[in-house]
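Here chain A shows up in two complexes: once beside chain B, once beside chain C.
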Partner chain A sequence: MQDPETERNAARRRWMGILARASGAEIAGRLAAAPALPAHRRLRGPETGLVMARGRQGGDGAPFNLGEVTVTRCSVCLEDGRIGHAYVAGRDARQAELAAVLDAALQDPARQPALLAAVVEPLATFQAARAAKDAARAAATRVQFFTMATMR
Partner chain B sequence: MNAPLTPGFAEPVLDAQRCFRAVLEAMARPGRVQALPALPEAPAPLAPAAAAVLLTLADADTPVWLDAGEAAAAWLRFHAGCPIAASAAEATFALAGGVPPALRDLSQGTEEEPHRSATLLVQVAALAEGGGWRLTGPGIEREHRLLAAGLPAGFEAEWAANHARFPRGVDVILCAGDRLAALPRTTRLEAG
Partner chain C sequence: MYVAVKGGERAIEAAHAWLAEERRGDPALPELSVEQIGQQLGLAVDRVMAEGACFDRGLAALAIKQARGDLIEAAFLLRAYRTTLPRFGASLPLDTGAMRIRRRVSATYKDLPGGQVLGPTFDYTHRLLDFALACDRPGSPDPGRESQAPGLTAAEGNAPPSAPEAPAKAAAMPRVTSILAQEGLMQPETPGEAEPPDLTREPLSFPADRPVRLQALARGDEGFLLGLGYSTQRGYGNAHPFVGEIRMGEVAVEIEPPELGFPIEIGEITVTECQMVNQFAGSKTEPAQFTRGYGLTFGHGERKAMAMALVDRSLRAAELGEEATAPAQSEEFVLYHCDNVEATGFVEHLKLPHYVDFQSELEKIRQMRATALREAAE
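Take a look at the complex of A and B:
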């Protein structure tokens, strides 16, 4: 049995990830069919900057700087004091702001079910389908190297 | 739930540049009161001018010490990204809303690197030119008069000791509401 805090964080991590992978236009398209978002104030941003992405080879390799990623971040505050944050890759300020407002609104138990059903779940389905299609296209070009091993 | 955060500068880059200009003017002309054109929405015990100066100058490399409470520290951490120092001695910027820490307890810099000293921001009740202290020194042609209400009684003596430590020593920025005046360590101060 997990404690409720961990469960809430896992749910929040999931919707933040889905919103970060959706473009501003996709989120806005879904919002048209959703209940209206509450009014918000910008606390910070949206502003674009660079984040150093670090990588490591395998599980025990030494960390190294892979390169800089353009990241846009935004933090907003709703009238009830709930705060939403968004960090998204790229320069889409509209996406960052919408994602931050949604993050704040999704923390409200009264708004959460409707917004999850109208915005987050359709985006998740769409992203899963897109990932499966990309994987299928990549799989068609896969080369099996076992023949090379048996030639000798 | 913790206290709600409030926004920082409306235009983070331009407002910080305007505020930097005001601090520069204040440091170059000790005792002249500068009004800040752009102010952030600071949480309660922070004076708007003091909050603006910290947003402008503090960053991840400058530990800040402040006695304004948890809400102000959280606000500053969020907007400036600066570490909060446990004691005033470790801080690059110290902000005193109540009784300021003794100047000799703050970081004084070294003879080789005097710029590594701390800057103390003091929130005072009021600032006015034309009365109070007589200031002389670099940046002042004859003398400037500055009245700062609400400083502890021994401040003039402490300031004389701070001035004597030159090139080491602490610079002070006095903030009241949306106005500020600076006392760089080179300024001599006589009670008026």
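Take a look at the complex of A and C:
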């Protein structure tokens, strides 16, 4: 049994990851069918900057700097004082702000179930389907070796 | 003597106006959109992101459009743009072992766990020009033609049939290097979580550690590294490499923002990784075993990843106690010259006015000739 904070962080980590992979337009599309988001105040951003992506030498050794990735971040505050954060790869300011507001709203136990059902889960399903399609196309290019019998 | 040179402004303005027109080409043809470049010239975008050392497909595509397809110029534009952005931090090291694989091949094991997955590759194509791609097709804009096939829009006009799909097993794809490591035949990488030095913050100094070398190679020019890698195969440096594995696909980028205190995913990026397996005869302290050359690059850049892995391994000569005689084994030679933006700057600066410098050379040559003539006459 994990402690409640670890569990809360794991849930939050999951929705933040899903929102980071969705475009602003995709999130907005899902919000149309969701309960209205609460009013928010911007604490920071949305602003675009860079994160240095690191690799590991040999794939599993000490880290090295591979190159930077553009990232947009946003932090917001709801009227009830809940704070939401978003860091999303790319330069989609709308995505970052929506993700931050959703992060704050999702921390509210009263709002969480409806927002998970209307926004997060459909996006997760869509993303999983997209990944599954890539995996299926990759699987079709997997070589099926067969051994030739030597003919004399 | 310094002579202030003025008076080029109008010529420069006219040159830039002409450049803009040349960039656009014939206005009767539709303009390329950044999205089209991102989608249809995707490998050019990947190369610009790798050499511009900045992962952003949209920015790289814009740079290619603005640079008229000059990819080094585009990398330069991207590098210049990145200097205007603040740094939010560094990611956790990418876990390429957990990659969503689109391609994965090994030249050392036929039947390895996860198998040989070809992915979208040029390998096994016949390299015959496909004139079908040049044909007028329904949907391709052609002002000379009266009408298109009815009901067919440009968007669906040229789509090839969709690629086949097969049931995907959720089987893990272990790295080939870890298969060898299990037998103790692969030299393990030095573990450690030390903060790696960053070339974008501190200039190169020598001897350079492997993390610095890998960063320089990752942003280095593909052509330069390809030539150097090739030279190691041809005998300039003592390489006997096998492609242990090449993998390409999507990896999650994670950061740990201080305000959260736990790591979050910020999205996925496409990378290509190459593990070159090289023989190592052993030394007084180490038994004979295989060693790695490592390549990792943004986007789908297999040639680059392979070249990087070859050069990474050859730069390990000193560390492994091997004789270092070839250009690809000299870290100063490789690292000082592999960056195409730097190299462009120094080569192309020769175009700038050197009128006064040259004047002094001219005088000197004239003087030497006059002296020689006078001496011959005496």
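The working rule: the second predicted complex is superposed on the first by the 138 of 152 C-alpha atoms of A that agree within 3 Å, B and C clash if a C-alpha of one lies under 4 Å from a C-alpha of the other, contacts with A are read in each partner's own complex, and residues count from 1 in each chain.
Note that in this section contacts are C-beta pairs under 8 Å (C-beta built on N, C-alpha and C of every residue); 3 or more make two chains touch, one makes a residue touch a chain.
Just so it is clear, the structure is predicted and the values come from calculations on it, not from any experiment.
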item: Partner chain in contact with A:48 - chain B first, chain C second, else both or neither; value: second
item: Contacts of A:16 with chain B and chain C, given as first, second, both or neither; value: second
item: Which superposed partner A:130 touches (first chain B, second chain C, both, neither); value: neither
item: Touching partner for A:66 - first (chain B), second (chain C), both, neither; value: second
item: First, second, both or neither for A:81, with chain B first and chain C second; value: first
item: Touched chain A residues, chain B compared with chain C; value: C
item: Chain B versus chain C as contact partner of A:139, first or second or both or neither; value: second
item: Touching both chain C and chain B, counted on chain A across the two superposed complexes; value: 47, 75
item: Complex interface listing, chain A residues touching chain B; value: 41-44, 47, 75, 77, 81, 83
item: Of chain A, residues touching chain C in the complex; value: 9, 12-13, 16-17, 20-21, 47-71, 73, 75, 85, 87-91, 131-143, 145
item: Parts of chain B lying in touch with chain A, wherever the complex brings them together; value: 1, 4-8, 12, 78-79
item: Residues of chain C touching chain A in the complex; value: 49-50, 53-56, 58-59, 82, 85-94, 96-97, 100-103, 110-111, 115-120, 163-169, 175, 177-178, 188-194, 196-200, 210-212, 214-215, 218-219, 249-250, 252-253, 255, 257, 259-260, 262-269, 271, 273, 275, 292, 294, 296, 298
